[in-house]
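What follows is chain A paired twice: with chain B in the first complex and chain C in the second.
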Partner chain A sequence: MAHNTAVLVLGGGSTGCGIARDLAMRGVDVTLVERGNLTDGTTGRMHGLLHSGGRYAVSDQASATECIEENEILRDIASHCVEETGGLFVQRPEDSDEYLQKKLEGCRDCGIPATVLSGREAREVEPYLAKDVSRAIQVPDGAVDPFRLCVANALDAERHGARVETHAEVIDLLREGDDIYGVEVRHDSGPGKRTHKSPGTTEEITAEYVVNATGAWAGQIGAMADLDVAVRPSKGVMTIMNVRQVDTVINRCRPKGDADIIVPHETTAILGTTDEEVADPDDYPEEQWEVDMMIDTLSELVPIIEEARTIRSFWGVRPLYEPPGTGTQDPTDITRDFFLLDHDERDGVSGMSSIVGGKFTTYRAMAEEITDHVCEKLGVSATCATAEEPLPGSEDISVLEEGMDNFGLRSPVARRSNQRLGSRAADVLETDEPNPVVCQCEGVTRAEVQDAIGQSGSDLNAVRIRTRASMGNCQGGFCCQNMATELHPRYDEETVREALDELFQERWKGERHALWGEQLSQAMLNYALHATTMNRDNDPASGATQIDYAQFDGGA
Partner chain B sequence: MAITDDVLVIGGGLAGATAALAAADAAEDARIRLVTYKQSTLRHASGLIDVLGYAPGGVSDGENGQEQGQNQNQTPVADPFTALESLPESHPYQRVGVDAVREALAFFDEIAGDAYAGSHTEMNALVPTHGGTVKPTARYPVSTAEGLASDDRDTLLVGFETLPDFDAPLAAAHLEAAGAPFDARGVTLSFPGIVRDDAKVTRYAHLLDHNERVETLTGKTGAREALAATVEPHLDGESRVGFPAVLGDDHPAAVRETLSDALGADTFEVPMGPPSLPGLRLEDLLYDALESAGVRVTSGVPVVDYETAVADSTADEPATAAIDHVVVDRNGAEIPHEADQYVLATGGLVGKGVESNRERVTEGIFDCYVPHATDRYDWFVDDVFGEQPYARFGVVPDEDLRPLDADGNLEFSNLRAAGSVLGGYDYAAEKSGAGVSLATGYVAGTRAGEGCQ
Partner chain C sequence: MSDAQRPIDDSVPSEQPSTGGADEDDSGNDEFEPVQVFPEAEEMDLRPGADNCYKCSTCDTNCPVAEVDDEFPGPKFQGPEQWRLKRQDDHDIDESVMKCSNCMRCDSACPSSVPLSQMHNTARAEYVEENMSKFSREYLRNRMLANYRRLAPLASMFPRTANFVMGLSVTKWLGEKTLGITSERDLPTFATETFREWWTDRGGAKVQNENKRIAYFHGCYSNYNTPEVAKALVRVYEHFGYEVMVPEQSCSGTPMFANGMLEDARRAAETNVRELAAAIEDGADVIASCSSCSMSIRQEYPELFDFEDTETVAANTWDAVEYLRVHEDLTGALENTTVDDEFDDMAYHAPCHSRNQGLDGQTIEVMDAIDGIDAHDVGDSCSGISGTYGWKEENYETSMKIGEEMFEHMDEAEAETGLTECPTCSMQMEHGTGYEIKHTLEVLEAALVSDGGGSHAETGASSSLGEAEGEGKSTETGTESD
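For the complex of A and B:
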């Protein structure tokens, strides 16, 4: 039968986008569908660590080796998404010498450059480290922006002919006998870029092969075709600080434990994390003790965190998996390795494989392995080039390395815009039109916002993940409105209003977990600006009844 | 060596300034001092004087209201004074009484003179916001007077390419969706003389205040004429033209007059978010009034400590401590300030009069009791515009506006509180911020003035 596409990838996270890019670059016709925005699942809810592998150097050396290899590849192909911060595994007096020694040897076994620093040397690198930190191992950890990296994969897939549909939720797997031949999706607002308020439609997309890359949601997809994919979703909290208390990734040098990492990320630092199995990846408690633990435990490493301002917290769900019968109790002990479940071999149902487990740093290698598998099924012989071909934005990294063009912008805004856009900077920022700053906290200009709208439609959360607009200290209080006005006149007033409400509510979701001190003050200011000054809580345009204007003061 | 006054007002926003002015008014010979620490929150405020725009628990219109909680999608109250009567006992307005609200507003009208309008009626006006909605307010800067949405004249809105806060065509479309009783159109233009894309709003105002010479296609002219010439071709019979609130800082009346004459149409400002020129103009107006009233103002000094005096206790009543003096930090030197009566007007969460950490919410200077749930996850609700408990954080006053402790006893016999340091109301939802500041500032200041005589 004629198919709509050769390969249909389910899931717009790093794995799905990585597979779509790899397939498209090998000349395979590919369609990717994602329920929400790209990165909405686990990818956009990670701590932004580009692993050196040091973390797994004792417990899982295969993963550690793969991490350092991929770490080096991403520094090349996605340099505009990576910040080479370096990392430290720091030891407190109560942490074991023996473990530190094992960590060091493990790093050396896996080819991870590692140097031991004394406590004093470590504090020279990071002055806010606790006075009693006794030693540290320095490794090439880095910080990575998962949003831009994932979007860059999708963009490049599209450049190579892929179709990428966001806001397209899989509502059924199409199965005939023992063959899966596609899915039915519900488009939130019709196919193509999202436009709020346009009526939703459903579509059947048929494919020669389906790749279930929905991570923590893989079990739900499998169940649509009576396939048992026993993912064990495990939640973890991340708490964002308003400034970078550290410029280096700080790990606690001990076997395992909650609240043991601080990752500098853009203007912020992210504290992580916890590890608790949950039943439903869409519905789990986000709890106060988790946030408190981040602050209380990590201030043992960096004491100023105790009194510092946090701007929000968020939770991610790891798509953990282990083969049936393994029976690991503690989710912390479940392997971080990934599994390719070929349902033909496993369940006797052809046409689909599911990918579960895995981690962000090695998304590309996972994608390569899965793409190889799919190509074998399809009889495609082209080989993988994703490790060599730079992603859009990193084609010419001289932009980042040499003097930056300031495109008429103030230097901090120009610098940050250039870092986000990499080699796309000139395309995006060179304009004859006025280009004012739309988001002051993150230094995002109109041109960059317009570029993002061009990619993603009327969805301001999609604009946010591309630009970082509304992700700074004010959490959108001052800039949500400005971002929304940029949608006009491309989108009409009602669409703009709905997009603004959606973004503002999304920002509040994470801010709720940081409501004390300075950030509670900020929250009240944001509320006052939007409710008092703009009256958005009682906007007559959104109400059902008409105001009788004649009853009011019409002037003297 | 203590500095000694009769009344000491702590806090320099609308409530504090009003309290100091009211104290000076009530006690002519008294020495009144106002100490402020940070910039007041007036720069964040739109400059509108809201009294009550929505009654808590008022009528929600339709299905959305049910779903989203009582605060949302209500119809605005046209007559705020009638609606005041229905507020709960704990509301600051009920504490001072409706008559005091009227008196306070009259007191403000006298201070504001012709800088504000709206006193000709008790009804609320509806004013367009920079987002394009309309909001109910009792008094408005004269610069906004021609722009009321409850005035049915057709309107041209003008925005500027370099000011992303106000998109005039979008605001016009929004006004239409809000059912405004006139035709509104919006145009986006280039502001003559603005060179940098990220110029601050004060730069726009400065160009117009000083009518700086700017380059135009037809040679150099004054900025006001140049702006009028830019707008003029876009006028299509509208009798009024609205601009974002950048029309002058020092000479706004002259700026508007020149523009109106040149355009043959009334001009007005749409209030904007921070930094807000109408808010800053209100601040200037208040500080001029404080100077005229002989109030001594000391700025940039935080109150860092206080001492109480031993109070007499009687058999019937427990002893209530009185504040003997407070200590302010002036460039590192601790200076005691002594007064007979004190007014606390340090603001709420935004102004930092109310502080919090992960465990508790407190009033920052005297540690007056601030009711709040022990679990901080009960300080908020999940709907951003829902009934937010945090928005009601603040001290609990008696009818004399003296803060009460957890048991309902006076914290101090000579301390009154005014403005958003008071709790028990959500000014953002009600649109009552300025009105509560005026009413409680007026009452606290008046009683403090009377109390020291």
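For the complex of A and C:
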């Protein structure tokens, strides 16, 4: 039987995109389907820590070793997505010395460079650290932008011939007897780049092999073919601060616990997190006390956080998994390792494997292992090159360092734009058109927004994750409409309105958990601004009835 | 050998384990704790200040430079946005910060207490430190303008020659060509006798009163160029029975902040804080006659420096008129006083730095109390000169465009004399209208001290009157300073 594609990858998170790239680079014909935008699952809702391995150096040394290896690879192949912040494990007076020693030994065992700093030295690195922090271990943690990294993987997969379909939800697995041969997807707006309002369609895509990389949703996919994949989704909260209080990753040096890490992320710092099992990865409570706990607990490490402004909070679900019969009670004790479930070996159903568990930092190594497995099934002998081949944007990192071009932009805007675009900067920013700043908080220019629209169609959330536009302190109040107007005239008025609504809704969702102090003022100002300048509190033009413009006088 | 391979015990600093003994340990540390030392202003991390900004743009709409210069991105970008986009080790500051005139209007306009001028001042200093060539003409010129005080003593040693040479058009042309100082303006003339020379000759204070003392911060301009203002202050305060002290002092720092020369400003401020703190210790309050000087000591010092007593000095510094309004019955004293014709109709401009201190309304109120004076407020626009800003060739046009509104209003007001408290505003007012410009203290002197010449007999008389009054109030002042 002729198939549409050799391999079909389900899920556009880091795992799925990583696998798609690896397969495509090995010359395998691959199609990836994702129900929302790329990163819509856990990948877009994680902490942004590029693990050095330090966090696992005591409890799980295999993971720790893998982390430091992959950490070093990603600094190379994804330099435009990674910021080499360094990290500290800080000890407070009440934290045990014995654990600090263990952590240090563990790092040494795993090949993680680690230095002990006195409290004073640690405060020289991070002046806002609490005065009573007594010691710290310095490790090469980093910050990573999951959106950019995931998109770069998908982009490179496409450059190697892959088909990437977003807004294409798998609604059924095609199974004949004991063989899975494809899926049925529902395209939200027809195949290809998304355009709002174009009618939805369904499509059957057949494949020689299916890779289920839907993370916390892997169980739901499995169930479509009566396979039992017992994922145990566990939620975690993250709170975004308006500015960076720290430029280094700050971990608490103690065994395990909630609210023990602050990661600098682009213009912000992100506090996290918790670990609590939930039944449904699409529907779980998001509670204010979780946010309060982040702020209260982490201000023990960095006291100015107590009074500082937060701009939003979000939750993500870990795709935790453990082999049947392990029976771990506390989700924090479930291994962070990943599992490759070959349903042929496991359930006697051929044509599909599922990947569950793992972490973002090691996505490439996971993808390599899975791709090896799939290639073996398909009889492909090409080997993996993803550890050496830089991702699009990281081909030539010298652009980020010496002689950075500013493309006529003011310095901080130029610097941030160059960092986001990496070696693509000249392609994107060199333009004869006027290039005003569209998003002032994040310093995103029109050229960058246009480039993103070119990649992703009328979906402004897809533009957002590519550019960071609307992710700053106004949370879109001042720029969503400017981003939307960039869609015109490529898209008509109705599409533009819909895209704007969708983006602004998404921005509002996270801001609901930050409504006090300055962010409350911001939200009030946004509301007033949108109401008075765009009628967005009650816009007759978006109502069902036609407006009788003749009823208006000439304003005389 | 990587650190990880070192024996653990070696790499653990010998700091006491945190359990027990923490107390001695901490106190032992305190002295050497580097982060407790206030960082150099250029290195301050002001990103947290961006938390207050909700991007309303009120600051932008109040910025006189942004209004006339499309190339200037405005205070919102300059301050909170630029800071928020910064990383700890980024050192490139956008050059547009040099277009900001440091008028501080954004500062007082912001409804949300964003520390805008502090952000501009540190960014400017960082720009000058990191991005401006120390050999460029611009740097030398700015350094010279910022350190006016160092040049002024030379000129005032030979004031007539200096005035003559500086007035020559060849000199001015050279100034523009070689230094970038606009030839459109007349350089300020130097007095033949500085205020401090006069003060020494006079034998210092004529009134002694340990209950009512002020330390006069005269600044550079009223010392070298307009000693008549400084003398007026002395006579008016002596009239109210104050003992005037004139401590050692350096430039207030205003022109240095505006030119990003924070190191120069730091040195000057250190002297001023030390000397003024000593005067405060002796029971004096600090009084300035120039609105930028008082602004600088009150707001910029505590924002940028952390000498011992910075806060005390800031909290005890006053504008000359403000102080009298609070501590004396100034309007009462002015009732039924009259002045000569030279003061009858006046066009008053409130300097931005007075506005920022909330003092923009006081002068008109005080003038209204004097019979025969009609003072017209010419509105709340900026004069456009902002200290050394309007002296630079590249800013001259912008400066005049900003000043246009004020010139028009002065023209429309029924007056041929200008009135203000800021020396550079007064230069701009004169330059734009040709009017003679007076300082408020000169008017007060004319009204209160019958013989403005300050003959010995007169001053003696007024001081004895002052002393009588002073005694009546001394308890009040006494409790004040407790």
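Quick note on the criterion: the second predicted complex is superposed on the first by the 548 of 556 C-alpha atoms of A that agree within 3 Å, B and C clash if a C-alpha of one lies under 4 Å from a C-alpha of the other, contacts with A are read in each partner's own complex, and residues count from 1 in each chain.
The working rule: a contact is a pair of C-beta atoms (placed from the backbone, for glycine too) under 8 Å apart; a residue touches a chain by one contact, two chains touch by 3 or more.
Quick caveat: nothing in here was measured; it's all calculated off a predicted structure.
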{"item": "Touched partner set for A:Asp132, first chain B, second chain C, both or neither", "value": "second"}
{"item": "Which superposed partner A:Ala365 touches (first chain B, second chain C, both, neither)", "value": "neither"}
{"item": "Which superposed partner A:Arg410 touches (first chain B, second chain C, both, neither)", "value": "both"}
{"item": "Partner chain in contact with A:Gly555 - chain B first, chain C second, else both or neither", "value": "first"}
{"item": "Touching partner for A:Ser521 - first (chain B), second (chain C), both, neither", "value": "both"}
{"item": "First (chain B), second (chain C), both or neither touched by A:Phe478", "value": "both"}
{"item": "Partner chain(s) touched by A:Ile547 [first = chain B, second = chain C, both, neither]", "value": "first"}
{"item": "Common interface residues of chain A - those touching chain B in one complex and chain C in the other", "value": "410, 413, 478, 521, 525"}
{"item": "Touch list for chain A against partner chain B, complex", "value": "288, 292, 295, 408-410, 413, 433-438, 446, 478, 481-482, 485-486, 488-489, 492-494, 496-497, 504-505, 508-509, 512, 515-517, 520-521, 523-525, 527-556"}
{"item": "Touch list for chain B against partner chain A, complex", "value": "44-46, 50, 53-54, 61-64, 71-76, 78, 117-118, 120-121, 123-126, 129-136, 145-146, 148-152, 161-167, 169-170, 173-174, 176-181, 190, 197-198, 271-274, 348-350, 352, 355-358, 375-377, 379-380, 382-385, 388, 390-391, 427-429, 431, 433"}
{"item": "Residue numbers on chain A that touch chain C, as the complex places them", "value": "91-95, 97, 101, 104-105, 107-108, 111-121, 123-124, 127, 131-132, 134-135, 242-245, 247, 267, 304, 308-309, 410-413, 415-416, 440-443, 472-474, 477-478, 518, 521-522, 525"}
{"item": "Residue ranges of chain C touching chain A (in the complex, touch as defined)", "value": "2-5, 8, 11-13, 15, 17-19, 22, 26, 29, 32-35, 39, 45, 47-48, 50-56, 73, 76-77, 81-90, 92-96, 112"}
